[in-house]
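In the two complexes below, chain A is the common chain; its partner is chain B in one and chain C in the other.
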Partner chain A sequence: MKETFFRTLSWLHTWAGLLVCWVLLLIFFAGSLSYFRHEITQWTEPELHQGVYQDYQSSTLESQLDKGQSYLEEHSPSSVQRWMISFPTERRPLLSFSWQLPPEKGQRRGKVETHVALADNSGIISEVRESRGGNFFYRLHFDLHYMPAITARYIVGFCTMFMLIALISGIVIHKRIFKDLFSFRRDKGARSWLDAHNVSSVIALPYHIMITYTGLITLMLLYIPWTVNTAYSGDNQAFLQDLNPDRQTEKATGIAATQVQLSQLLPQIKATWGDAPIKQVIISFPKDQNSQITFYQNMGKDVTDKANILIFSGTTGELKYASPHGASGALATYDTMMSLHTARFAGPLLRILFFFCGLLGCAMVATGTLMWAIRIRQKQQKLIDKGEKPSLGLRLVEGLNFMFIIGLPLGTVAFFYANRVLPAHLIGRAEWEVHSLFIALIAMGIWAIFGRSRRHWQMALMITGILCCTLPMLNALTSPHNIIDNIQSNQWALVGFDLLALLLGGIMLFASQKLTLITKAPAKYPKRPTPNSQNTPKSSITTELSSSLEEAKS
Partner chain B sequence: MPNMPAPDTSAHSSNTQMRSPVFLSGIVQWFKQEQSVYAVKVFVRASAAMLAGYIAAATLACLLTLILPMPRFESTLTANMLSFLFYAIAIIYAFCVRKTWHAWRDLGLVSLLCFGLIKVCGQ
Partner chain C sequence: MMPEIIPVLGILGLSYLSLSLFALAKFGHFKDVFNRPPAQWQSRLLTLFAWLLLIFSLSACANNQGWAYGSILFMGVISLAAMLVILTLSYSPRHLPIGIVTGSVLTGGLILSAGI
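Moving on to the complex of A and B:
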């Protein structure tokens, strides 16, 4: 493309990064939040903040199973596809009974209704507000929203490939990688943004590479299905059976049969698994001849993501399948990759580290796009000084920067506010929570049409920061407990949510404060060149990039 | 900006050329301009990277599923996991190869070779 390899990759880095930057920002942002999927879900269901948390106890397993089975038999409609009994785990310390209805027309999976048992065994909470909670961010991460899931996954995969190329080329053009890790020159205009971009990318570089590549691998069978066609001569079912041996291929027969008592299977489970904790029991097609019972072991901190399961026949109680002990090398690698991406093995601290690495990824994308906007503006500076309007491209880039960089956090905060403020029985409540996120995003887009100057950034950051900081207060007002109660009752997930909201809100307020300082001294610290500033073209990023490249070459 | 294309100007010049009465000669003129040549080059390389690169990576992965000395399930997974690496290499190759049309030629040849080997190995 260009004269040298370095120049070509530098060009490639710019365009691969920039063309899809806003989608990447959305994906990174939603992905980082999905590390706290269960914690966010817990926060969005304040009905469950009192009296339901319990630890897993193997001694009560039998009575819990019996209770769950009789409750489901009594309360679930007869058309359900499956029953689920979930036992308390570290991240979701609840005993819950749920059922899945058959999918409605045009939907791939049916709605799940969940009822939660009180910890002291005195009853069941069946009225929980409708909210998608953390699952929304998890789905947004790869299914986006307002479009068919498969289309969205292709878009996400396409953008991820761009990201991979941007990463590889970024490493190649970045010869002084170690030195730049320690250099951050603040208040140096575009140079500072470049440094910020370098620091945010380089510090978390292993994470960025890992998350991008494993991200592609999570959906690899969608992106490159031809290998299965070749190896299995088009017999995709056989491959899926190899991949998920527990996959149920049988359909319901429609012939009624008596369901085996779940607690009767416990001795068999003990014989195979010993005292390993059980995470969940799923009964598919209850009371049907083809009914099937699957027990999932709680794998805890295992790095591979393979489910350890036992499958019984639902009518006879006969053991039909048990997960083999050792997995093959390829499968273990695949599972580990999946697990690395989802961080299911991570304890609280590692999870927080992953979250902040994800935020660094957001920062990497955001600083990249900001540099782009500065570069276009510098190119047009002379024309703008003469009184001409900035070009459409510049206005678009700046506007979209404003919309996404401010709009995503603001939208998330709006989502949480909607979760608590909307009436609990509103029809389509869960959907309106989601709409509120996108309404906030679009509102920021409209704001950006009218003004994108530093003062506007500052104001928008301030609003978002204040709203984020008041989330703990909102929680205290709209749920039975405030943060102090939660600390006393060891509800660290809820406490952590509040603290993180305070921290992130604080950072945003700090950033907006910082912007004030810069506004007051624009001549000294030109971050975004104002029309009057004597900005020399020397500080243009591309010039610097190429000069640093020449330095590197020599 | 030595290493930045300027799509704005090329789009602009193409517009002015399009408006000229002789439509065909306008197109010819457009192709003669340096900016347009650049735009075409970018398009050829980008399409080679995305399409031919994908096909090359996919056929190479398919070939691997057949020739790796493992059970078919494992070789499928292995090849599939590696395929994105092949794709990334193919994309970078498409932009780095010296002559523009070589991007299509070389990636096409790799695909054809892999495809032929698949046909041979598949029997």
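Moving on to the complex of A and C:
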């Protein structure tokens, strides 16, 4: 009974994982990059690398609000839906004025145009290249691309569910989860892959479970709409209104009215919030009778995703709504889970750690699927040696592995190159940046059709590594500053981008180098002596585990 | 960023210490490092100290960053520390004692200076 139980779960783990692994890899990869959403956006707007960075200062709020309001009144088209004034935050240290146009046909949201104030108050930068920057990776994480968002979210939810199944079954079949916690036996072929798979899963296990589960929670109302449907008899609007009492339901009246001066509201805000920093002001339907002004507080490191807001009438300046303190148990739980997933509260160090855990997640998925391919190839080796072709499944998995594991980083690098190399006024520029990512991905897929051996991996890794390592050089050539200037002027987001590119590129080159050694000395490789003795009790269990995995696959 | 990094480095050092003791309490790793198997009392003592250090590093983290933020940060730090222990064990197990000594000196200094 016990044996069948483990065998069944091994089978489940293998197939649940294998079925969704490439989409999962994409989701994990895009999600990890999304931790640096604003930093990536900052990198992709080199026009803003000079003269705009400033810190939040409560003393200048009044003049900044006045300036923003008069700028928006003067420059925004009359049809706009919203004005936005964003104050400097830790992660986006600039003052920007933007407006949102009404949505075009077939679009849900209108286009946002953003102008950024120079830090010394001497002017405004209105020409910034069109790029989706970090927001692209954020959307890619759950909306994928080239398909309707809702379809994509169902796909993502399906994959997440499988991920959860694979995680739980993985914990069960990993019989030596604590005993083998620190075991990574290098240079031992398939066993090393199993160790790498275990290590990357287990050391970040709390993170993996948290991120998978909360990932499902973020979109739970889409996946399980029936509770809401029953409680509100299908009236989704009423539910949303109860969930977010601050949601604006009033439409524009079309009757013109005078807009209240924003800076006049500051004393009222100070009375409620004290000296808490303000993140953003949004004025909906400016100069309309139903205009509404919403102030958003910068929540700093609070573990919450809920905005603390104050809403004023746009014409009279009367306070209409203030976020209440405390929330019901269910709402607080939901909020904590949401915030754990989005990690908006995370300071730079925690953000880096989250990113690291996300990369471990990518490694977990990648090693899992690579291991599958290695095992199956071993099984078919005799037939392949006789001149037969590897089975279709094996070829497919190997090809997709090559395509996604190399293609995703390469595509991302291509995205950044496109960001800097494409002409600034190209029509559909932002879309072409995105296309370049997928072109690189597909190119890797085509490459995989023609060859997927170690030599090909080594070459592809080398190309990706070199391109990644040269990103800082690209930045130095196509933006006003290079990495040394940025260190001197404390632009840690830009410095961090460059360092991370060097680090990840370095790892890829290291991997490529390693593959070169193996390709050159294939005979020596399995016999290499290691400090780990083969006779320790560990190895027997691992072989047992791997053989049970093998059986499960057959 | 700078004021944040010092206590967190201290906590990283603590977790590294704790996890290396956990690793040393295991038969195989102890043998890789010291070239002889551990006695049972050695294993038990190592595990005990490892647990104490782990609890201490969690409480230091919570103390320094608050329970909500601190416990989340701790999960991240412990993953990184585990990675470092694994890399030490797999690439040069003999250097683990050196890592432990450096880790404790570093941790002690950082904790004193940050006053966790």
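The rule is short, and it goes like this: the second predicted complex is superposed on the first by the 522 of 554 C-alpha atoms of A that agree within 3 Å, B and C clash if a C-alpha of one lies under 4 Å from a C-alpha of the other, contacts with A are read in each partner's own complex, and residues count from 1 in each chain.
In the analysis below, a residue touches a chain if its C-beta (ideal position, glycine included) is under 8 Å from a C-beta of that chain, and two chains touch if they have at least 3 such contacts.
Here the structure is a predicted model, which means the values were calculated and not measured.
S.K.: Could you say whether A:Trp492 touches chain B, chain C, both of them, or neither, answering first, second, both or neither?
M.R.: After superposing on A, A:Trp492 lies in contact with chain C but is clear of chain B.
S.K.: Which partner chains sit in contact with A:Phe239 here, chain B, chain C, both or neither? Use first/second/both/neither.
M.R.: first
S.K.: With the two structures laid over each other on chain A, which partner does A:Ala152 touch: chain B (first), chain C (second), both, or neither?
M.R.: neither
S.K.: So in the superposed three-chain picture, is A:Thr333 touching just chain B, just chain C, both, or none of them (first/second/both/neither)?
M.R.: In the superposition, A:Thr333 touches chain B alone.
S.K.: Output check: A:Ala257 vs chain B and chain C. Expected answer is one of first, second, both, neither. What do you get?
M.R.: neither
S.K.: Which partner, once the models are overlaid, touches more of chain A's residues, chain C or chain B?
M.R.: Here the partner covering more residues of chain A is B.
S.K.: Looking at the overlay, what does A:Phe345 touch: chain B (first), chain C (second), both, or neither?
M.R.: second
S.K.: Considering only the touch criterion stated at the top, classify A:Ile463 as touching first (chain B), second (chain C), both, or neither.
M.R.: neither
S.K.: Once the shared chain is lined up, is A:Ile209 touching chain B (first), chain C (second), both, or neither of them?
M.R.: After superposition on chain A, A:Ile209 lies in contact with neither partner.
S.K.: Quick check on the output: what are the common chain A residues between the chain B footprint and the chain C footprint?
M.R.: none
S.K.: Please output the residues of chain B touching chain A within their complex, sorted ascending.
M.R.: Of all residues in chain B, those touching chain A are 1-5, 8, 41-42, 45, 57-59, 61-62, 64-66, 70-81, 83-85, 87-88, 91-92, 95-96, 118, 122.
S.K.: Can you check the complex and tell me which residues of chain C touch chain A?
M.R.: Counting only chain C, the residues touching chain A are 1, 4-5, 8, 19, 22-23, 26-29, 31-32, 68-69, 72-73, 75-80, 82-83, 85-86, 89-91, 93.
S.K.: Show which residues of chain A lie in contact with chain B when the two form their complex.
M.R.: 1-2, 5, 7-12, 14, 161, 164-165, 168-169, 213, 216-217, 220-221, 223-224, 226-232, 239, 242-243, 328-331, 333-334, 337, 379, 391, 393, 542, 546
S.K.: In the complex, go through chain A and note every residue touching chain C.
M.R.: Chain A reaches chain C through residues 179, 181-186, 199, 203-204, 206-207, 210, 301-303, 340, 345-350, 353-354, 356-357, 360, 492, 531-533, 536-538.
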